[in-house]
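Letters A, B, C, D, E and F mark the chains as written, and numbering starts fresh at 1 in each.
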Amino acid sequence: MRLLLINPNTTQSMTEAMTTVARQIASQQAEIVPVTARTGFPYISSRAEAQIAGAAVLDTIASHQSDVDAVIIAAFGDPGLTAARELFDLPIVGMAEAAVMSAAMLGERFSVVTFSPHMSRWYSDCVHQTGLGARFTGVRCPVTAPDTLENVATALRQDLIDLARDAVALDGADVVIMGGAPLAGLAPVIAWDAPGILVDPIAAATLQALALLRLAPSYDNRTNRPLHKTSTGLGTELTAVIAGEKT
Amino acid sequence: MRLLLINPNTTQSMTEAMTTVARQIASQQAEIVPVTARTGFPYISSRAEAQIAGAAVLDTIASHQSDVDAVIIAAFGDPGLTAARELFDLPIVGMAEAAVMSAAMLGERFSVVTFSPHMSRWYSDCVHQTGLGARFTGVRCPVTAPDTLENVATALRQDLIDLARDAVALDGADVVIMGGAPLAGLAPVIAWDAPGILVDPIAAATLQALALLRLAPSYDNRTNRPLHKTSTGLGTELTAVIAGEKT
Amino acid sequence: MRLLLINPNTTQSMTEAMTTVARQIASQQAEIVPVTARTGFPYISSRAEAQIAGAAVLDTIASHQSDVDAVIIAAFGDPGLTAARELFDLPIVGMAEAAVMSAAMLGERFSVVTFSPHMSRWYSDCVHQTGLGARFTGVRCPVTAPDTLENVATALRQDLIDLARDAVALDGADVVIMGGAPLAGLAPVIAWDAPGILVDPIAAATLQALALLRLAPSYDNRTNRPLHKTSTGLGTELTAVIAGEKT
Amino acid sequence: MRLLLINPNTTQSMTEAMTTVARQIASQQAEIVPVTARTGFPYISSRAEAQIAGAAVLDTIASHQSDVDAVIIAAFGDPGLTAARELFDLPIVGMAEAAVMSAAMLGERFSVVTFSPHMSRWYSDCVHQTGLGARFTGVRCPVTAPDTLENVATALRQDLIDLARDAVALDGADVVIMGGAPLAGLAPVIAWDAPGILVDPIAAATLQALALLRLAPSYDNRTNRPLHKTSTGLGTELTAVIAGEKT
Amino acid sequence: MRLLLINPNTTQSMTEAMTTVARQIASQQAEIVPVTARTGFPYISSRAEAQIAGAAVLDTIASHQSDVDAVIIAAFGDPGLTAARELFDLPIVGMAEAAVMSAAMLGERFSVVTFSPHMSRWYSDCVHQTGLGARFTGVRCPVTAPDTLENVATALRQDLIDLARDAVALDGADVVIMGGAPLAGLAPVIAWDAPGILVDPIAAATLQALALLRLAPSYDNRTNRPLHKTSTGLGTELTAVIAGEKT
Amino acid sequence: MRLLLINPNTTQSMTEAMTTVARQIASQQAEIVPVTARTGFPYISSRAEAQIAGAAVLDTIASHQSDVDAVIIAAFGDPGLTAARELFDLPIVGMAEAAVMSAAMLGERFSVVTFSPHMSRWYSDCVHQTGLGARFTGVRCPVTAPDTLENVATALRQDLIDLARDAVALDGADVVIMGGAPLAGLAPVIAWDAPGILVDPIAAATLQALALLRLAPSYDNRTNRPLHKTSTGLGTELTAVIAGEKT
């Protein structure tokens, strides 16, 4: 089995860090096929960027879908997730959604801890979009953004632990999701020092992709597909998918 | 004052029909600057298509914003609306949102009547996204899609009147929005034959754009803007806007 | 076109201040016909007062409806709005509702800033009644009430700017509505000094009345009207309207 | 103890029917003091009428409050309830709210059955206003209104039983509220013939008034009272209450 | 009439305190039949404990139902309430639910004040389960738990008054419920010293049991009963009830 | 790794059918340890039964937790799930919750199809309790209950396919959960004949248990545990767990 891991950000090092975690999780069960966005932004943090990056995600899936069994959209706000799920006939997993669904099975209320205030609103909207907003205790983040995203997990380690503590003690969270691609792999490392049950989103996404694949959804009889359409200016494969010439 | 009317569909004749309505409304108050999408789909009807068309909308606004005072996104599902509003410093109006907000000031509950079952779900999601879902009585549409969108307003005239009657009598709607670009201009024409208060979305959008402009929002002190960013592969103007070199 | 501007408070100077703003907005498009309540309270701030003043609003509309084209209920809590809209066959605009709907088209989340803690709860209920409570970040007001409402906009100018700043920075509002009749006209004056996008409710109400009029709702086929009824003890015109002898 | 039973409708025979039920319930525990509205409508069925009748209810309470221990607003849509509770320092019970709260303690979901389609929307809004809308299965009523309200409970007896059956079997209601003043006393009479647990609203209101009185709420330390105000054109007692000269 | 007062906790002194309050309320109208749980916990404060104690409550009701007319589940989180109401054909009142419903008829928003932070979450869930969460301002409790529950009402008297003050002044509560069996009888004692309208839950539960009994619900025609079932390992009476051999 | 599969029903054949599915899924990854309830009901279908069976589930987990790595509560209404998750320090998966969370990652709206109308309400409540009610299109079930649960999946095969068709075509579901223990293993068998994406709850539960285990939640630092307590009348192991003497 092959899992397409799409990093909708253009930063190669983030793809590598996330691929490392995904490979540890997938182990012998599946091969991870990483792809880094070639257009877009070093690090998506707004709805405008998600609108653009999400369109590129559809193009990437169209190009790779015949070679893979499932897709992971590996950015915390899940750009393009709803659109992709509507369009393609294979399991599509969003990193934020997978983390949220997993968290909701580990405890009753969950928080998202992240490294910068700029992500707070987009992440929050993203959680509400899953439909589980009533079990969400909010985003906890530092007051100011870090100067660089490089090594942010190491540099802010203690701050992130403190934020997790606040999420648990003040907000009543049972589970804390360490949100954002730059924090990939951090959760198990600080699990002993932080309160609550910590969730690593890329690990959760990989596990959910494996679970959904194994659950073997019968896409053959799927309904509610978009109408087939002609289009102008899209990539060759995406054009074919939307035209119904390729699924 | 100049209003940019973006038709995110690639069908030129829809742009023309909507421009006619918008010009009647704007009259001496503003000039309508119509633009038809050059990439995308003849008629958007799914989330996947809205993801792609919405990204193109951002590009179009970036190219024209220095020459206009406000923007109308002239497709009923408002592709790119949230992203555009976050990114640009001028009033952005969505055709569906404007119709919904207007309807909510004309009566207590409103319905959307449209010409095809394929739009039903996307339109419904779009209304819920405005936050006014609790006053929405649902979408009423024919059981089967028409063979062609050409002259759909004329061909289905009586069906649409009957659907409006059901929306009022069975669903309890006070106001009926005639949704979808191909129905532009129909509401005033059938107002005498249909029950309820009818709303024409493109008329509503034009009026709201004029109202917001006149309300003169102080974008200079706007906060909650996205961070400035470098990007790869976007159009020149959109790149500049996102980089903060142009607003 | 003539717009009836009803101040449901008995304070004549408030009517004058709001009429000045409304006339600037309406300009050549419509004549403003101001009416100040002759019974009721100097300044409504509770549900009990709104219950009484709202009944008087119906009486005032009944007396003037044949001479005007639309109605503005010019008090922030919109006393009598729902009842009036149900009863009369012309567009009825509430100052709070119009501000809220406009704010929701200018940004994603909005706040109400006002001059006294006594209004906080009534205003808050009023926003929730529009159905847009999920996009509302709450009311921001001074801890104590001012000694007098006279010149409250001038006297509290800096406090109100600070409250707007809190609404934006702490509550995450994109748009700030300057709520309450005594603040009529303040928003554009302080727009340069306050963060966020400021909305003046009486300006918003006038613009929405003009927009709804131009949208030309087809009241002739309106349904869901109350049954015609005899009544006892009401004013002559309201009695006739309710009896269905006059619309 | 004395309970003021205010019929906000002007129909004396309804007051008598409701007083009969209330007296049976109150028995030795309290004296029922019935008052029929002298202004207003024979039978309230719209928001406009409720706006007007609710203002009159405040006047009636102001005139009688010093002689009674609690108040029952005896019309199913509870006109003036929120306003009255805010203004006066004694327990105020609404007929609909009391029925809804009682129903919610007798089963999980409840329905309202009534005699005319004209009441359906107002009653429905009224239930949602209590906050218990999520447990409400809706209003069941005949398709057409009866010619007269006189003897409506007798004339429609079988129809009402059939509606209760639908509420239970089709909507999943556990409890059925027989809503509307003309149905006062009907619930126990048809209890053997109708499925579900039936609730008589005027009985529920009387019982809740007795319960709240006995619970002896400490109004002396009540806060969140409206500011004291001067007013123009109100009745003498209501003027004094609002001015804080009388509580 | 006889009211079964079940204390699902195993602490006899709590039963006695609650019985004293219930007897004062019931006076001549009903006899109180107190029962203390023989299995379970000294003081329930978690969902796990409520799961276990709630099952025991069903057993207790089955053993006593033929001798009583109504049941009070006398622990603030109402263990077993929904299950009991589904199973037995007599009025079942929960202490928390009765307090919440009564509070909602005395004011618009209500708070719960209690003596320990450990109860906060369970109580909060319990209020939301009634469906009235939108009118709930939250739980106010001390930062740390008391060393002993004995005399907790006396020992924490001033703290509880201060918490009530915060609930009213900071959270906007009109009514304050003194939650938890150890606070039985406290509300009327501190009514003069605390702001807001205070509610004693056991008094509210007794009053609601009397009201529901008097409302005389027609259980004979009740529907939506569970299927009759064989079972293994339950008490004799509960086995018979579930098998439909006894109601 | 060992997964405890608890069938809270007393019917051994159901345990066997579910164990077969779970073993196929778990394959080499984990050993399934099946346990059938020794007290309770042949097939749980009400809240009263869930209250009792849920308490027994806690006892079963307490007895086995030291020998297993995760727990599956294998009845569709998830009796005891919330309580168990609060009490024990290992992953606890509910069959309904796991199916719902999986469904929500496979499509936007999901339905539950089951074999009897008696389960409809309990299942529906159970879905709403997960927090994902807004994406739930409801339960579809036959109008009448089958005579026997034996071979119900085979006997009702065509009816269940038709119900799935209605869920997709009429209710707009993308995903259909085949709910209830007697339908274990049916989803993949009828996948080719039914529309939509089918989900087998016991397969989903097994997969989620494996995923959560692999996500390796750090229970060591878990907070929000219930207070340690003495108890009376519980099983030895459960007593020890609740007393904090064993985790």
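Definition applied: contacts are C-beta pairs under 8 Å (C-beta built on N, C-alpha and C of every residue); 3 or more make two chains touch, one makes a residue touch a chain.
Computed from a prediction, not measured in an experiment: that's the story for all the values here.
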Those chains which touch subunit E and also touch subunit A = F
Query = Counting C-beta pairs in contact, which comes out ahead: D-E or C-D?
reply = D-E
Task = Indicate the whole-number Å distance between the mean C-alpha point of subunit B and the mean C-alpha point of subunit F.
result = 44
Request  = Averaging only over C-alpha atoms, locate the centres of subunit A and subunit F and give their separation in whole Å.
outcome  = 27
Request  = Between subunit C and subunit F, tell me the centre distance in angstrom, where each centre is the average of that chain's C-alpha atoms.
outcome  = 53
Remark   = In subunit E, the residues touching two or more other chains are 82, 86, 121, 172, 224
Ask   = Are the chains arranged, by touching, as a line, ring, star, complete graph, or other?
value = ring
Ask   = If you go round the ring from subunit C to subunit D and onward, which chains do you meet, in order?
value = C, D, E, F, A, B
Key: In the complex, subunit C residues that touch subunit B   = 25, 82, 85-86, 91, 93, 97-98, 101-102, 104-108, 130-132, 134-135, 168-169, 172, 174-175, 188, 191-200, 203-204, 207-208, 210-212, 214-224
Key: Touching residues (chain side subunit D, partner subunit C) in the complex   = 10, 38-42, 45-52, 54-55, 58, 80, 82-84, 86-87, 118, 121, 224, 226-227, 229-234, 242
